[in-house]
Each structure stands twice: as structure tokens, then as C-alpha cells.
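Each chain carries a letter (A, B and C) given by its place in the written order, and its residues are counted from 1.
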């Protein structure tokens, strides 16, 4: 066993265990905090994949913004805890069977989509320039449509959130 | 392999030790300077000029009763101070103190510091929530709103620095400033410097933005239920965060450990002074500014605080970004 | 070197856990969390494929997904606040008025 594989095994097993813990929590705040730990582990997995910029974005955006927003709303509304975990007892065999079928198909489809190509962005190439710089170059040249879409995707919900949750003038 | 790991551990220990000493004396400086601002003397009793006061405080904190309030979430209550301290201390691993004096010279150092400062919010939120106390809860709510709001102008102010350098590595940012004739990024982006300075005050919960722990309204905010050594850990984190923010200001706007080239050309003897001295000098000037502000400015109301963040600092930082984009395009192609 | 399959299987397992959680938990907050879990699983897939196929398009799409997650979360939380004002609960089973 080499050291990278041991580290990957730790991160992978920890992510799976943490996501199991997340979906079975009764207390919402506890669930969010376990999710935080899970996201930190996932950003560790991104570091293995040479995506250091992405790992940091994961921490800043997911952990620093999205989860804080969620925890803020839970605390603001002062939501009471669910008193029992009857939800998970509704888990029937067909549901689990369906999910695992979906899982199998997912893995098979992704394996099939993998082409053993050597593109432009090899590990050495990414290491000489930095990850963030190359991502920026891709974003402003060949992938400019996703960038524009991202702007719209972020703009519309901002208006929606302000309209939905903002103070009503007639109240 | 093993040897390099041992060397790394020794380096980390040295940095942590020096840092803790600095934090202890930051408290002493603050009390002294505040005292002189208010025409008092500050601590004088323990040791000559009160120089051993930090150690006396530390020993006192150690022997205080450690109290966990009734109905508190015990695990989270004990975890919160640890989270805050860990997040702040981890930031120091990427800060370059002098040429090559950095624990981890990673390519995304700037983002790492931002990520750690945004993770630090969780410690405060958990502390407020797990205390099972109204004051602590309100303090935590205020704090989370405040820190999220001020992170955005801070990030945009740093974005202008990124445009000037083209690198996220903190050492590269310093080297890029060294190439300029005036040696600092503060000159074209004075607005960005101002925005970052104000945001640094807000991110570290210092006056005039110390709403989360406003003594006169909320007892002590999220710290209300903490006592003894856990309270000391929060205190440690606050002062370390001041050092992180001062170092970031120094690295990103004031040229880090380098001096402006026109100064070194004028007086070549200044080149002999090691860079860490200039770095610490700049950091301590900003620390003095922090304490000066605390002695001078009254606290804002909460709605005023959010208004400043969203309606003043955010447009200012965007203006700065726009100006820097034009300067970069026109004058530094 | 960790094989690509390890990442894909890891992502699929996390996705499945998120999906099971989404189908069984009946409170809006937990459902939002499970959505985030699933989006993260998708991101792992995209970034591992991007690394192994040496193409940055995967990271571009993963960034798009993060933007989507933030947008979805903001709208979802705004709806959650409104729903809680109406019924004082976050259980999704109690919102049956829309069933026509």
C-alpha cells in the first residue's frame, strides 16, 4: 500500500460515513455541521485530483457561504427538532433497489464515457502554470458560454430570493 | 522523507511559539496604548513596566473554574473554541514572513486564507448556539450576518490585487510589488486598501464593529457563557486573527518584507536589514492602527453596520476593481 | 495512483445516499441538504473525469454546478422562510394545498 492510496482510502471512507451520518441526524444544526465536515473531506479529495483552486472554491462557497446561509435560516426561524426519526422507517426495499440500480447504471455509464485520451492539460502542464490561471484562460476563451450562463443563473435567483423573502410593503 | 517531516514539525512549532508570544504581547500593547490614550498608565505592577502582565493573565485564566451551562450542547460547546483557534492558526501556514520564510508555499495561498477566515465563522455560530442562552444566540446571529456581509467586499478588494499580480501565491504577490518603482500596491489601489482595512476590522470583530460582543447590549455576545481557559482560547483566536489580517494587508498592499526600491537606492544600507524586520514593522503599524481605532471610534448600530457593508464598501470595492482593470489594461500591458 | 473507478464509485455511493435521504426525509431543510450532497457527488465525478481525461471542461461544468447549487439554495431558503411563516412547520407532508 502506497501512501497516496492510504490517504485516498481515508478520505473516501470518511466521506461515505459522514454522508451516512448527515442523512440520519435528528437535529438540523448537527446535520449542517456534519455536512460541513463532509465538504472539507470532499475538498481534500479534490486536492488529489490536482484541482487545488477547486478545493478552495469548495471551502469558500459551500462551507463559507451556502452552509452559513442554511444555518442562519435555521437559527433565524428557530425551527424545532424533528421529534422522531420515523422518516427513515419509510425506507422500503423497492426504493433502495431503485437507488442501487441507478447507482450501477451511473458507474457503468461514466466508465463508458471515459476516453483514454491525453489532452492538452496534462499534470506537468497544469503544474507549470497554475490551476487557477488555466481555468481562467479556458473560461474566457472556449468556455465563455458557461460563464455567461453562470451569471444569469446567479442573477435570477438573487431577485427571486429578495422578492420571496424580503419585507412586504403591504404588511 | 522522515527527516523532512521532522524539520517541518520543528518549523511549525517555532512559528507557533513565536506567534503565541506575539499574541501575548499584543494584549499588553493594547492595554498600554489604550491606557495612554485615556491618560492612564495601563498595567504597571507585574514586572518592570508591567512586562510580565500577559503571563499573570495566562496563569489566572488557567486556574479559573471551567463552567458548562445547564442545557448546553456539551460536545459543540467544547468544540467551538477549538474550531475558532484552529482556523486562525492554519492561516499562518501560508503567510510568507520574509523571502522564503513560509511553511507551505502553495499556489492558492490567498484563497486559503479567505477559506480559513470563512470557516472561522462556524466556531462563533456554534458557540452562540450551543450555549443555550439568549444573549449568546443573538450575538451569534449578528456575527454570522456581519461576517458574511463583509467577506464580499474583502474578496473583491483582493480580486484587484490578483489582477495586478496574476497569481494567487502570496510570495508572488510580494515579488510583483517589488517590481514596481514605488514598491507597493497601495498606490494605485488606495480605495481597495481602505476597503480591506475596514473589512479586516469587521472580520475580527473589533471596535467599531464589535457588535457580536457588544458589552452594553448583549453582555458579551457569543462569549457570555464561556469562562476560564475556553474563553482564553477565543481571546487568543481574536488576537491571532488581528495578526492574520495585518499580515494580509502588509503582504497584499504594503509590499510585504520588501522596501520600496527608491528608498533602497537612496540608502543602500537598508538592504542589510533582514526582511522580517520590515515585515514586523509594517504589521505592528497596522496593529497600532487597530488599537488606536478602538480607543477613538464609538460602536455602530447593527443596521448602520450592514448598511456600511452593502451600500458603501461593496460599491467602493467594485469601483476599485474597475479602476484597476483600466490601469492594468492601459498602463501595464 | 488511484484508479478512476475508485472516484466514480465513491461519487456514486455519495449520490445514492443523498438520493435515499431526499426520498425518505420529510423536512425541507434535510431535503435541501441532500440535494447539496448529490451535487457534490456529481462534482467529484466531473473533476475526476476532468483530471483523467486531461481536459478542463469538466472543471468548468463543475463550477457551473456550484453556482447552480448556490442559486438553488438561496431560492429554496427563501421559499422555506415563506412556508414556515404560513404553517409554522418545515415538514413537507403538511403542505398539501397544492394538490388540487
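In the analysis below, a contact is a pair of C-beta atoms (placed from the backbone, for glycine too) under 8 Å apart; a residue touches a chain by one contact, two chains touch by 3 or more.
Source: prediction; values computed, not measured.
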Most remote chain, CA-based centroid, reference being chain B: C
Which two chains share the largest set of C-beta contact pairs: A-C
Rounded Å distance, chain B centre to chain C centre (Cα mean): 34
Separation of mean Cα positions, chain B and chain A [Å, integer]: 29
Between chain A and chain C, centroid-to-centroid distance (C-alpha), Å: 7
Junction residues of chain B, two or more chains touched: none
Residues of chain A whose C-beta touches two or more other chains: 57, 65, 69, 76
Chain A partner contacts - residues on chain C that touch it in the complex: 1-2, 4-10, 12-21, 23-27, 29-30, 32-34, 36-37, 40, 43-45, 47-57, 59-64, 66-75, 77-82, 84, 90-91
Residues of chain A that touch chain C when the two form their complex: 4-5, 8, 12, 15-16, 19-20, 22-23, 28, 31-32, 35, 38-39, 42, 45-46, 48-51, 54, 57-58, 61-62, 65-66, 69-70, 73-74, 76-77, 79, 82, 87-88, 90-91, 95-96, 99-100, 102-103, 106-107, 110-111, 113-115, 117-122, 134-135, 138-139, 143, 146, 149-150, 153-154, 156-158, 160-161, 164-165
Chain B to chain A touching residues, read off their complex: 76, 106-108, 111-112, 114-115, 118-119, 121-122, 125-126, 129, 137, 140-141, 144-145, 148, 151, 166-169
Chain B contact footprint on chain A (complex, rising order): 29, 33, 36, 52-53, 55-57, 59-60, 63-65, 68-69, 71-72, 75-76, 130-133
